[in-house]
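Got a structure here, written out as structure tokens. Questions coming.
Which chain is which? They are A, B, C, D and E, in the order written, and residues in each are numbered from 1.
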Amino acid sequence: AEDKPKIEFLYSPFADYAPFFLAEDLGYFDEYGVDVTLSPKSGTAETIQMLASGNVQAGAATWGAGLFNSINAGATVAIVATSAKMPNTVPSPSPFMVSQAAWDAGIRTVQDLKGKRVGIPGPGGFGMYSVAKALEKGGLTVDDVEAIYLPPPATAAAFANGGLEAGWSIEPFALQLEREGLGRRLVEDHTFGTELGFIAFNKEFVESHEDAVVNFLAAYLKAARQLDNGGWKDERVLEIVARYTGTEKSLLQGIAYTIRSEDGSIDLNSVREQEAFFRKRGDLEYKGDVDINSVYRSDLLKRANELVAKK
Amino acid sequence: MSETAIEVRNLTKAFYDADSDRTTIAAYEVEFEVKRGEFVCIVGPSGCGKTTVLRILAGLESKLGGSIDMKSDNPPAMVFQEASVLPWLTVRENVGFPLSLKGVSAAKRRARVDELLELTGLADFADALPHRLSGGMKQRVSVARALVDDREILLMDEPFGALDEQTRLVLQQELLRIWETTGKTVVFITHSVDEALTLADRVLVMSPRPGTIIADLAVPFDRPRDVVEMRRDKRFWDLTYEVWRLLASTSPERHA
Amino acid sequence: MSETAIEVRNLTKAFYDADSDRTTIAAYEVEFEVKRGEFVCIVGPSGCGKTTVLRILAGLESKLGGSIDMKSDNPPAMVFQEASVLPWLTVRENVGFPLSLKGVSAAKRRARVDELLELTGLADFADALPHRLSGGMKQRVSVARALVDDREILLMDEPFGALDEQTRLVLQQELLRIWETTGKTVVFITHSVDEALTLADRVLVMSPRPGTIIADLAVPFDRPRDVVEMRRDKRFWDLTYEVWRLLASTSPERHA
Amino acid sequence: MSLVTAKLTEEQIRELKAPAQRERLFRTISYFSPILLLLLWEVASQLNVIDRRFFPPPSAIAGTFWQMITSFEIFDHIGATLRRVSVGYVMGAIPGILLGLVLGLSQPARRVLGPIFAALYPVPKIAILPLILLIFGVGDASKFVVIAIGVFFLLLYNTMGGVMQTPQIYLDVAKNAGATRLQTFFRIALPSALPNIFTGLRLAAGSSYIIIAAAEFLGARSGVGFFIWASWQTFAVSRMFVGIVVISALGYFTILALELIERKLVPWAKH
Amino acid sequence: MSLVTAKLTEEQIRELKAPAQRERLFRTISYFSPILLLLLWEVASQLNVIDRRFFPPPSAIAGTFWQMITSFEIFDHIGATLRRVSVGYVMGAIPGILLGLVLGLSQPARRVLGPIFAALYPVPKIAILPLILLIFGVGDASKFVVIAIGVFFLLLYNTMGGVMQTPQIYLDVAKNAGATRLQTFFRIALPSALPNIFTGLRLAAGSSYIIIAAAEFLGARSGVGFFIWASWQTFAVSRMFVGIVVISALGYFTILALELIERKLVPWAKH
């Protein structure tokens, strides 16, 4: 009934967004009859803002205080599926690392980090949550260490000059830190199964173009399953991801990746846990639980799964 | 010839410097008239307000009191006392500047400008930028520029001050020739009494700062005037003496 | 008095403009001598190279050919033809500038500067910034500055050009008085033959560009010279005529 | 002169002084013109020309602002930012002006160093930030350095441009008056370039607040920039706008202060 | 004049023209002086004065560079960056110069708009990025705008500063010659401010590369800035330095080109 609406989709140039790169470049979007353009963007706050204002139809972003607050503020978005979560296996795609210098100085466990400087990419996001989880393994909280906000590239420098004893990291950066002898993995099992990101659409768009959203999700699911079932060994896949992320193929090989649930559904328990965490830290601007169900359109995902199964 | 072209009544001008809260009266109740087609020279001690009066006539400065009435079809042309060539234009472009503002065609402009460059002895430097000129050459550019678009009233502030006597003589004669043939009205500031007597119908003498007109002397010589002949005339020396006496009697800047 | 202070031999100077690939010869094989304590005036048509020669003497410009020999214990002081007051200094600071560079104490400096401000009739404007001065007042500041630190050689480029005759007369007399009492050597460019004859021991006449010295005339009048008396002397008129003739005969800038 | 000063009528004296007074009045009023911006923003937001969820009207953020003032929270951030900006500013401005004087006066220095600075200038700060962190640590020192680098180039180029515009006659006057090279620097080139140096200082003032806002994203836990970033990360929109208003007010007052200083130091120029 | 030109000896003519020739030679040589920087870096890195893991010597990154050239990869990035920079530059420079002329010449405009610009200038770009994205979308348009804003202020202040330094006599000459307001703008204020405008253009050229690098850090899939960022994210240090060298070379050549243009357009000034 509907003609083919254009969908502009916001992504970040990270390997976590690989399913979208594949769906676009391997023609899955075309196969399911959706007209998608991928546009690069920056953080979650911008994504939600662009979606809520209707300037852009769709995008993926990560969970965190920013997202919760914006939903509470009345952002008119619909969340339709997971985009990435942490695997229940090691090696982790996002290990908690200790600097080589600190290691050499005798820091071997999380407990040893008490009062030490720990790098966190920023407040209110997955990095903060992940570091808190890692510290928890040693019975510490973020308040027991000196939190320093630094993104990964700066972490390398801080590891080298002793500015940080430990810090959050992500692949393939973590691998490089090891290779250069700057740091080593300290905790890897702290975020098993944590929901990392989601796919969202502008609410009005979803309401008026349900079929297009379903088709989009179907193409996404196809690509996601391909990846999560050994797709990373495929030379072609690596090439596509390398192009979108500006990373060399060789670097993409032999590292761990985030995954997705088979049917693309979001583990709401993990989301609730993150919300509780940020509330405790005082990062949320509201009281009580945010009403995720009102924005989570799982019915579309169900239709998409049926569509994929049919093919 | 009896129509009034410029009428200045009670003209007073003062400068106020807010930083030092000092007031300088630059011209005080200046009164004079210039008839259409008349050539008037103003002489007066340094700092007495000659430039100020001329700038007010040219509309470049506001007045504090008094009135000015100028009757002419176009605004007066001014030759400035300071160096006033535009450094980013060649000599030719500087001279042609007023014409180019009016959108006169390049060919017409060039013809007119070349004529004036010839007249002022600058033809060799037509395409030079001003930083290649000597002081006197820059002054000649300003004179040529003021003549280029044929205004009815000419205001000239020591236009020949930096010129050697020979060049000055040539330009004086040219100016007189242009004045006579075109019937322009000229107000001409000079610090040379000789020059004033050579050029003017009337000489206005100003007192030291705050300047006011203390004498209005008619120059009785017939035109064309012969510079050498004129000096043989007793009236020349009488007038020279009179101006000197006026200037000396009021000068507060005398020493020794 | 017979010792040579300045000896210029074969001095040649040219400017080359790379953009237009044009060469301008500004001075050509200029030769003259100035004895210690002598007062020499240079006259010549506009653009002939007077300023250029003076700037070379002051070490502000390189020469292309020839030699210069200056004998004095300190570098020459220069009065520039163009406006040369520093806009960020008050009149007093401008005049005292050479002293302050040498670290002369403020009190001593002030005494000396005030003396010169009195002399040049600028005492009223001691604390004014230059933008509040008239053209002639700025020129007087430059003159005062050149006198302030008592150099042996004075190079003056039309220093009184923008001054009315009265003020000019006063300053001429002052300059002569200073020259006589201090025994300075003065090279003085002027475009006024009268001024040259009033001031100089010798008058050097330059040809038009490329300038060279075409006459070296001794001025025979006794000092102190009386301006009026002198004009009664036939030699005054003879000399005047001679200079005029020299300038006129060689001037390529004559028209009409 | 004083002899005749008395002759101006009362009215004339009033008229004479009027422009300066009017000017002072206008200038004072004009200092408040940025309030127009707030008004415009308020109206646009109230009329929903811009999305209120993302751009709450100033009246809506005033409450947050007030609360941050009464809790003194804002002052810690302002203090931290001001300290970083002022140290970095001075660290960049002084070498910038000095090298600008050298390069402006000396053709050989300009020939050798000019291209080197021209090649260094466009090196992206954000790209070398990790390197700066490596050398200066994650503390305040690296923030000083980042600001200093930005300020340095603005003053280098503006000072150099100003010195090169110094009329030759002023240099000639100095030489003839017997100025040493050093005296020519500080007594001719410097004052003559002052208007341009102040252009550079003004630009540098604005830039340092922009830079510190970006630099406080890294390794800081205080400062207005940190505060803006942290608010944005958690989508605390009205807190973020409080931060933005504060930082632009800081920049505004710095530029204003520079203008007052310039008026004193460069009385011979137009203002 | 030509009558006597012949009288200069061959040798004198040679001597006369020598400085200009020497100058041209020196200038040409000086264009290569940034190579000194690479040498210095090479030596420092080889001697381990700086950490090779973070600062691999140029010789080590040359291989990466070459590979990126032969695969044409680098050219796509350069093309994207150049396009964004040039569009943004022009978009910012023209209004900057025009408004600078207006504010420089008109005291009332300066009084009203001056403080508004002074308040807008220090607003952190990162803070207004969301607004820009909302208005101009996530595509290149918002990158143009971000660059344009940075360029705008540099030219606004430099042009304004230049115009305000225009000697009053030039304005008087124009007025007396019968210039309209518009003619005074373009035939007096503009040429007179040209040296300052070129200072602004030079600064803006350097800045636009710095800004584009930041703007391409996020929200781009091409461009040298994106490339640097992506390399950093994965700690691909030598690729990152290829990016840094490329962007600073682009900036360098832009500044150089501006200098050549200035030499043509402002022949009356010192260079």
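We adopt the following convention: a contact is a pair of C-beta atoms (placed from the backbone, for glycine too) under 8 Å apart; a residue touches a chain by one contact, two chains touch by 3 or more.
Chain identities (UniProt): B, C = ABC transporter ATP-binding protein; D, E = ABC transporter permease.
It should be emphasised that the depicted structure is a prediction, and the values quoted were computed from it without experimental measurement.
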Which contact partners do chain A and chain C have in common? D, E
Just to be sure I understand: going only through chains that touch, what's the smallest number of steps from chain C to chain E (ABC transporter permease)? 1
Pick same or different for copies chain D (ABC transporter permease) and chain E (ABC transporter permease), depending on whether their interface residues overlap by over half. same
Would you mind checking which chain's C-alpha centre is most distant from the centre of chain C? A
Determine the centre-to-centre distance between chain D (ABC transporter permease) and chain E (ABC transporter permease), using the mean Cα coordinates as centres, and give it in whole Å. 20
Taking each chain's centre as its mean C-alpha position, how far apart are chain A and chain E (ABC transporter permease) in Å? 38
Using the average of all C-alpha atoms in each chain as its centre, how far is it in Å between chain A and chain B? 81
Centroid of chain B to centroid of chain D (ABC transporter permease), CA atoms only: how many Å? 46
What are the residue numbers in chain B that touch two or more other chains? 24, 82-83
Where does chain A touch two or more other chains at once, residue-wise? 43, 45, 49, 53, 153, 156-157, 160
Shared-contact residues (touching 2 or more other chains) in chain D (ABC transporter permease): 1, 51, 54, 130-131, 134, 217, 229, 232, 267
Mind listing each pair of touching chains for me? A-D, A-E, B-C, B-D, B-E, C-D, C-E, D-E
Would you mind writing out the residues of chain D (ABC transporter permease) in touch with chain C in their complex? 1, 169-170, 172-180, 183, 187-188, 191-192, 194, 266-268
Applying the document's contact rule, which stretches of chain A touch chain D (ABC transporter permease) when the two form their complex? 43, 45, 48-49, 52-53, 64-67, 69-70, 73-75, 117, 122-125, 147-151, 153-154, 156-158, 160-161, 163-164, 278, 283-285
Using the touch rule from the top, collect the residues of chain E (ABC transporter permease) that touch chain A in their complex. 51, 53-54, 129-130, 133-134, 137-139, 218-221, 226-227, 229-236, 239
For the chain B and chain E (ABC transporter permease) complex, residues of the former touching the latter: 55, 58-60, 75-78, 80, 82-84, 86-88, 97-98, 101-102, 124, 129-131, 145, 149
Once bound in the complex, which stretches of chain C touch chain E (ABC transporter permease)? 12, 14, 16, 18-19, 23-25, 28, 64-65, 209-210
